[in-house]
Structures are given as structure tokens and as C-alpha cells.
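Paired with chain B in one complex and with chain C in the other, chain A is shared by the two complexes that follow.
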Partner chain A sequence: MNVKLKLALASLKHNTARTFYLTVLISVICFSVFVGETVTSGLCGGMESLKKRLGADIIVIPSGKNRQQNFEGILLGGKPGFFYMPNSVLAEISRIDGVEMVTAQFYLASLTADCCSTELQIMGFDPDSDFIVMPWLTKSYAKKLQPGEVIAGSDVFVPKTGIIKIYNQDIKVVGSMDKTGTGLDFTVFGNTDTVKLMLRSAQKLGVSATDADPDRVVSSVMIKVRDGFDKSDIVNTINRTVAGVQAFENRDMVISFTSRLNHMTLMIKSLVAFICVLAMIMVIFVFSVMLNERKNEFGVLKIMGFTVRSLLAVVFCELVFICAAGSLTGVVMAAVWSLSFKSFLESELGVPFLFDGYESFLLHAGVTAAAGTVLSLLLLLPFVLKVLSVPTDAVMRE
Partner chain B sequence: MELYLRDVCKTYKGRNAGHDSTASFCMENVNFNLLPGKVTLVTGCSGSGKSTLLSILCGLLRPDSGKVFYGGDSIYDLDGHGLALLRNAKFGIVPQKCLLMSSLTVRENVMLPALYAGKNEKKVADKCGDLLSCLDIGSLSGRYPGELSGGEMRRVCIARAMINEPEYIFADEPTNDLDENGKKRVLSLLRESAWLGAGVLIVSHDPYAVSYADIKYGMNGGRLL
Partner chain C sequence: MLKIKIADIAIAAIEGVLVAGLFSFWSPCPVGEHIMGCHWVSNVTVALSSAVILLSLLKLLSGEVLFRRGINSAVLLISLIQAFVPGWLIAICAHEHMRCHVYSQPAVVTVAGIVALITIGELVLDRKPAAV
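Moving on, here comes the complex of A and B:
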């Protein structure tokens, strides 16, 4: 084995405490960076997914206190809920100048009771007028959904039989959606007739929270605005002229979430930066102390004829081992942590969260480990050069 | 090849200037020849310039003026790389302070300069065994420096300086920390090296070393006497 490499390995092995502390400190930096990166990219992915799924320009829901939060909970947080308004609003809205397309949606929540397999959000859409759900639902199921058939969100538990029971109705799950990182992952989608059938069944069982006639109500109205018309004008018109509803722009909801997302990512990035700076200061401190302790060793190597280049190679080998081991440990631990808490993050953050695919995840892990190694080397090399330039004759004296 | 210095001057202040941290130290127009096959002893009190002379001669301390010649060429005209290679191949240096690599065993410490020079590991190991036996520390070959006494460390440093069979050996206070038997072994080994053709420079204030020297100098205030 090369003498320089042998010397580096011997030093690492002999000074286990020093090697361990430096490795741990560097792994803390990489762990923080990778976890921070995973969480922030998950948040950004969730936001992008939300933007793609919200295909309407304007959303209309029944007026009422906390109704918008209720709607956001269904759409983003996977919190089952429902609300209704007369379906006559659909015709009223259609007549407003500038409205190009309208479609109604129908929401229902199942129960954790004998009549239902599990607590779920059910979303009904009108296949004849829908322009929101169908475009991305057809990717999971190309045929037309029949009454009694649903498509399940990615996180909905579907038994092997493919049948779920909702208010004593056996509903056939004909497909599953890709993950969206939003509340839609905990939702089943069927046409309006299927959802109305469930509501009627709930009313018969006496477990429905509403006695509204399913044929006379809708939960929300999604609007596409004709080109050249101002969306905020139409929102104002709806709020002024249609009784019992509240309209808001899709953008307003996204902006509200983008703002929350920005706060969250800023907080995460600040925390990561703080941990990194602290760990870097400690790395520099430990490393400087270590180098100072080794001044005599470097001096004696110079005395026996080691060139500065050779000394640099010895320290560089040691650093590569420490930095690579630290970076790899940090990234592996971060990956294990991220994968272990993936479901928790997705369900508990309260904002859309879409975890990267495994390919992208591994790529990020590799890049973080490599960058961690290179950056720690760059951080520490100036200190090495400073120590190696110390005159050798000082070592000769007591 | 001959090693000598001509008209060498060196001045420095502060902590390098002996015990008095404020004093300036001056070495003026020193001329000196280190002869192959001879043991040269330089004695003098602390701060007289003995170690400075040794450091300049073995390529560790650049003089302010004057030159150090090895084989007719000025060694300080070499770059750092060339000078380091010269030290490794031709010089064996025993520093005043017993410095060893704490992560290597005694045997590995002694073998290091030769392995760095690219010599055959088997031959180096044999030579190392001989040197350690000769210095009566053969049984310590597997120990780490932290487990050695001052005298044992001193002997390891001497073995390390001789492993490459250098043309010149520079020993700064080689008998420090040694008992009488140890001094005898170390000085005999240096003497033997001179008989084999090496030029040996011993810098010491130990009177015991005098009887082993072929040429003796005194040093005072940076001047050779």
C-alpha cells in the first residue's frame, strides 16, 4: 500500500475519537441539508401538484363561517367534509357574462361506522360538464365511470376484492390515482349519480347530517372564465348577485398556500442554515485544534524528507475519508429518516406535500453526499495549507 | 560528496533567539566543512547557535546570506521539493525534540523514511530490525510512542535517522534522556556510521560525547571557535 495512504489510515485508526467527532459533525451538516432539501422539495412538489389539479379559474361554495377553510381541508388536508347549496346557482352563474364553462361537484364524507369501510372523502362530478377532474382521472381509468364505480386516491385503502362499503352500498373501485400530495389522495371519485346514491342511503340509515334532496343540491361550482374577461369582476358579480354563495379565485387559494409554503420553507432553510453554520464552526474548531496538535508530526515528516505535496496528500486522504464517511452517513441517515417519516410528513404538515420519486430522491442523495464531501474539503483545506507552511526548524528546537 | 557552508549569516529575533525572547541572535560569516567518515562535535552553551548551524546545514533553515554546498551545488538553490528529496535520500536528522508519529509503531516509525524513498520493504524491515537490536530496543518494535520512555524515544529517533544509510547524519543533543549505557550505544552507533563513510555532526553540550568525536568545535555567540 502507498506510504501516504498507509499513514493517513493509521492516523484515522489511531485517533478514533478525533475521526469520530469530525465524521459526526460533517454527517450532521449533510443530514440537515438533505432533510431540509427533501421537505422543501416535497412542499414545492405538493404546490405544483395542487396548481395542476385546480383547473378552475373561480370556485363557488356555499357562504358561511369557515366554509372556505372547510373546502381547503377537503382539497388539501384530506379532512372529510361536506356542504351543500341549491343547484339553482348553477344556472344563475352560467348566465353571468364572461363565464365560459361551469360544472358542479358534490361532496360527501363517509363514517367510521359499520355502514362504511372507512372514513373517506367522496367527490362526485358531472361527467357531461366536468373539465376539472376528468382530464387527470382518465390517466388512471380510460373508460367512462358507471354508477356504483369509483376511482380511489393513492392513499385510500382498497381491499383485495376491490369493493368498499359506503353507507351500506357496495362500491367498486375500478382504479387508483397517482399521488398528488394533496387531500385528493384520501378521496374517492365517482360520478354525481353514485354520490347521490350514497347520500340517499345515508339518509335512509338515519346517519346523514343533511336532509337535503340530493337532486336539488350541489357542493361547489367550478368556473372557467372566457378569455378577455376579468376574473375578479366575475367573482364580484357572483358575490353580489347570487344569494347564499361565496366565490373566490383559484389563484387566491394558491397564493394563500404559497405564502404559507414560503414561510415554512424559509423556516426550514433558516433552521438548516443555523445547524450547518454551527456544525461548520465546530468542524473548523475541532479540525484546527487537531492540526495544531499535529504540527510537530508534520514537522517531523518534513525533517525526514516528506515534500509539502506528500504531506498534503496524507492530510487530503484523511480528509477525504472523514468527509466522505461523514457525508455518506449523514445522507443515509437523512434518507432513512425521510422515508420513515414520509407518510407522517405527507399527512400531518397540513399543506400539500408531494414526495419526490425514488429516482430523484437517490439522485439528490448522491449529489448531497458528493457536494458535502467536496465542500467540507474546500472548507478545511485552507487550514491544512496554513499549518503545512509552518517552518520546520521550529520543530528541531525544544 | 562534500557538505560545507560558506560565509553564512543568520539573524533572527524573538522566540527563536535562544532563551531571551527579546534578544536578537546573530550568526556571522560562518564557514564550516562536514567531513565524510568523521564524527564532528560542536559544543557550546544554550543559545550559542549550535542548533541553528545544524538546521542550516541540513537544509531546514535558509540562511540570510552565504551558501550551503552539497556536491558543489548550493542546496538552497533547490526548490522545496528538491530540498525535501535531498533530506530524505542523503541526510539523516535526529532532532533535539524526540518527535515520532504517534499513530505508528516503533518499527513503522523507523521504516517510514525508507519506505517513503521507495526502498524494498523486506530489506528495510531487516535493516530496521538490526538497528533496533543494536540500540537495545528490539523488543519495543510493536509499541506505540505513547508507551515509550524519553530515552527509548530518543533511540527510535536515532534508528529512524539511520535507516536510509544516509551520507550525512545530523544529531542534535542525541544523548539527552539517555543513561550511560544508552549514551554509549548511541554514540558507538554514530561512530560506527562514520567508519562506514558517513559524515556525522553531533551538536551537544554533553562531555560524554567528546571522546567519540574526531573533530571538535566550540560555538559562542554565533561564531565557531
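Moving on, here comes the complex of A and C:
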């Protein structure tokens, strides 16, 4: 083995405490950077996914206290809910000038069953008029959904039989959606006939919270506005002329979530920056103290015939080992931690959160580890050069 | 030596919090008609945590380096196994948003990771024989 490498390894082994503390400090930096990056990219991914899924310009739901929060809970937070309004509003809305397309949706919440199931959101849409759900649902199931058939969100537990029982009705799951990071991951999608069938069954069982006739109600109306018309004018017209409903623009909902998302990412980035700066200061401090202590050692090695260049090679080898070990440890710990906190982050943050795929996750991990190693080396090398450039006689006189 | 003792007490305290948490705020899914995998995960984790607590307290009794290193190696091994109990060695519930996925698993992995790190630190730093 090369003498310089041998010397570097011997130095690392002999000074275990120094090696350990420097490695820990560098892993703290890489850990916080990687965790921060994973969380912020998950938040951005969730928001992008939400924007793709919101196809309507205007949403109309029944008026009432906290109704909009209920709707956002269904769509974004995976909190099952339902509300109904007379289906006559559909005809009233379609008569308004500027409304290009209009479709109704029907919501129902299932009860919690036994093992491995939670409440499910059931969303019914009209395949003849729908322009919201069908475009992205057809990626999972190209055929037309029949009554009694549903497509399940990515987080819906589907037994091996492919049949889920909701309100005593056997419902066949014909496909599963890709993950969206929104409440739609906990939703099953069927046509309105399927959902009405379930509501009737719930009413027969006496467990339904509503006694409304399923053929005479809808939960929400989605509107696409004709080009050249002002969306806010149409919202105002609906709110003024159609009784018992409230209309709002999709954009308002996205803006509210974007603002919350921006606050969250800013907080996370600030925290990561604070931890990194603190750890960097500690690394520089520990390393410069350590180098000063080794001035005599370097002086003796110089007397024995080591040139500045060969000493630089020895310290460089030591630094490469420390920085690579620290970066790898930090990234591996961050990856394990992020994966085990994935479910916690997805369900507790209260905003759409879409975790990166494993390929992208591994790529990020590799890039962070490599960047951590290179940046730590660049940060510490100037101090090494400064100490090694001190003349031997000056060191020996000290 | 004082630092090492503080580390031992910290390990025992952290594992104690995990045991208390698994019976309260980090508890897995409730036992209903079916007993789910996460219930057994919780039981195994409590057993492993109790072993770590006992070993950490036992370590406080002796200043012998080899004795401490032996116990540290055991604690490291147990905490690594503990980190892989939920989801790897014993399957937990299928639904990703149930209590065991959201609270119990991250808590167990985090605590096991912290204990493993402290123990590695002790193994690296605690090399000199104790003063007689």
C-alpha cells in the first residue's frame, strides 16, 4: 500500500475521537440537506399533482358553514365526507351565459370496516358529461365503467379477490390509480349509478346520514367556462341567482394551498440552512484546532523528507475518508428516516404531498452524498494549505 | 467516564419513552376482531426495548472496558434488529395511513437509530481502560 495512504489510515485510526466527531458533523449536514430536500420536493410534487387533477374552472357546492373546508378535505386531505343539493341546480347553471360544459359529481363516505380498512370516500361521476375525472381515470382503465365497478385510489386497500364490500354491496375494483399525493388516493371512483346504489343500500340498512332521494340530488357541479368570459362574473352570477349553493373558482383553492406550501417550504429551508451553517462552523472550528495541534507532526514529517505536496496528499486522503464516510452515513440515515416517516408526512402535513419515486429518490441520495463529499473537501482544503505552508523552522521554533 | 454514564442513562430514557409511547401516543392499530401484525410488532419492540434498558442499566454498574464494549455491541445489535422489526421482519397493516404506519413505525425506527448512533459513539470513544 502507498506510504501516504498508510499514514493517512494510521492517523485516522489513532485519532478515533477526532475522526468520529468530524464524521458525525458532516453526516449532520448531509442528513439535514437530504431530509429537507425530500420534504420540499414531496410538497412541490403534491401541488403539481393537484393542479393537474383540478380540471374545472368553477366548482359549485351546497351553501353552508364549513362546506368548502369539507370539500377541500375530500379532495386534498383524504377526509371522507358528503353533502347534497337538489339536482335541479344543474339545469339552472347550464342556462347561465358563458358556461361551456357542466357536470355533476356525487359523494358518499363508507363506514370503517374491520382489519386494514379505513373510511373510504366514494366519488360518482356522470360518464356522459364528465370532463374532469375521465381524462386521467382512463389511464388506469380504458373501458367504460359499468354499474358495480369502481377504480380505486392508490392508497385504498383492495383485497386479493378484487371485491370490496360497501354498505353490503359487493363492488368490483377494476383498476387502481397512480399516486397523486391528494385525498383522491383514498377515493374510489364509479359512475353515479354505482354510488346511488350504495346510498340506497345505506338508507335500507339505516346507516345513512341522509334520507334524500339519490335520483334527485347531486353533491357538486363542475363548470368549464367558455373562452372570452370572465370566471369571476360567472361565479357572482351563480351565487346571486341560484339558491342554496356557493360557487368558487378553482384558482382560489390552489392559491390558498400554494401560499401554505410556500410558507412550509420556506420554514423547512430556513431550518436546514440554520443547521447546515451551525454544523459547518463546528466542522471548521474542530478541523482548524485539530490542524494546529498537528503542526509539530507535520514539521517532523517535513524533516524526515516529506514534501508539502506529499503531506497535502496524506491530509487529503484523510479528508476524503472522513467526508465520504460522513456524507454516506448522513444520506443513508436520512433515506431510512424519510422512508419510515413517509406515511406520517403524507397524512399529517395537511397539504398535498407526493413522495418522489424510488429511482429519483436514489438519484437524489447519490447526488447529495457526492456533493456533500466534494463541498466538505472544498471547505476544509484551504485550512490544510494554510497550515502546510508554514515553514518548518518556524514550527520547530514554536 | 461521566459522559459514558450520561449516554447510558440517555439510552435507557429514550427506550423508556418508546415503551411508554407504544402503550399510549405511538400505539399501533387497536385490536378488534382480528389481531393485526402491528400488535405483534409492538410486543416485540417492547421486549427488545426492555432488554436494551436492562443492559444500559447493567453497564452503569461496571467500569470495566471489555464489559462495557461487550454490552455496547449487544445493544447495537439489538437496536439494529429493532429498527427492522416493523415492516421488514414482521409485516404491519397494508393501509399506509393507519396508525402503525403513521406513528408506530417512524417512532421505532427513529429511537432505534438514535440508540444505535449513541452506541457506535460509545464503542469508538470508550477505548481506554478505566482508571483504577
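Odds and ends about this structure:
Going forward, the second predicted complex is superposed on the first by the 390 of 398 C-alpha atoms of A that agree within 3 Å, B and C clash if a C-alpha of one lies under 4 Å from a C-alpha of the other, contacts with A are read in each partner's own complex, and residues count from 1 in each chain.
Here is the rule we go by: contacts are C-beta pairs under 8 Å (C-beta built on N, C-alpha and C of every residue); 3 or more make two chains touch, one makes a residue touch a chain.
Given the structure is predicted, the values throughout are model-derived calculations rather than measurements.
Residue contacts after overlaying the shared chain place A:F71 against neither chain B nor chain C. Looking at the shared chain after the overlay, A:F157 reaches chain C, while chain B stays out of its contact range. Shared-chain residue A:K302: touches chain B; no touch with chain C. With both structures placed on the common chain, the touch criterion links A:F361 to neither chain B nor chain C. In the superposition on chain A, A:S343 contacts chain C only, with no contact to chain B. Residue contacts after overlaying the shared chain place A:S310 against chain B, while chain C stays out of touching range. Residues of chain A touching chain B in their complex: 3, 7, 10-11, 13-15, 296-297, 299-310, 391-398. Across the complex, chain A is touched by residues 32-34, 36, 83, 93-98, 101-103, 105-106, 109-110, 113, 121, 124-125, 127 of chain C. Taken together, the chain A residues at the contact with chain C in this complex read 16-17, 20, 24, 78, 114-118, 155, 157, 186, 333, 336-337, 340-344, 346-348. Interface residues of chain B, counted against chain A in their complex, comprise 16, 51-52, 54-55, 60-61, 80-81, 84-89, 91, 93, 95-97, 99-104, 108, 112-113, 115-117, 144, 160, 172.
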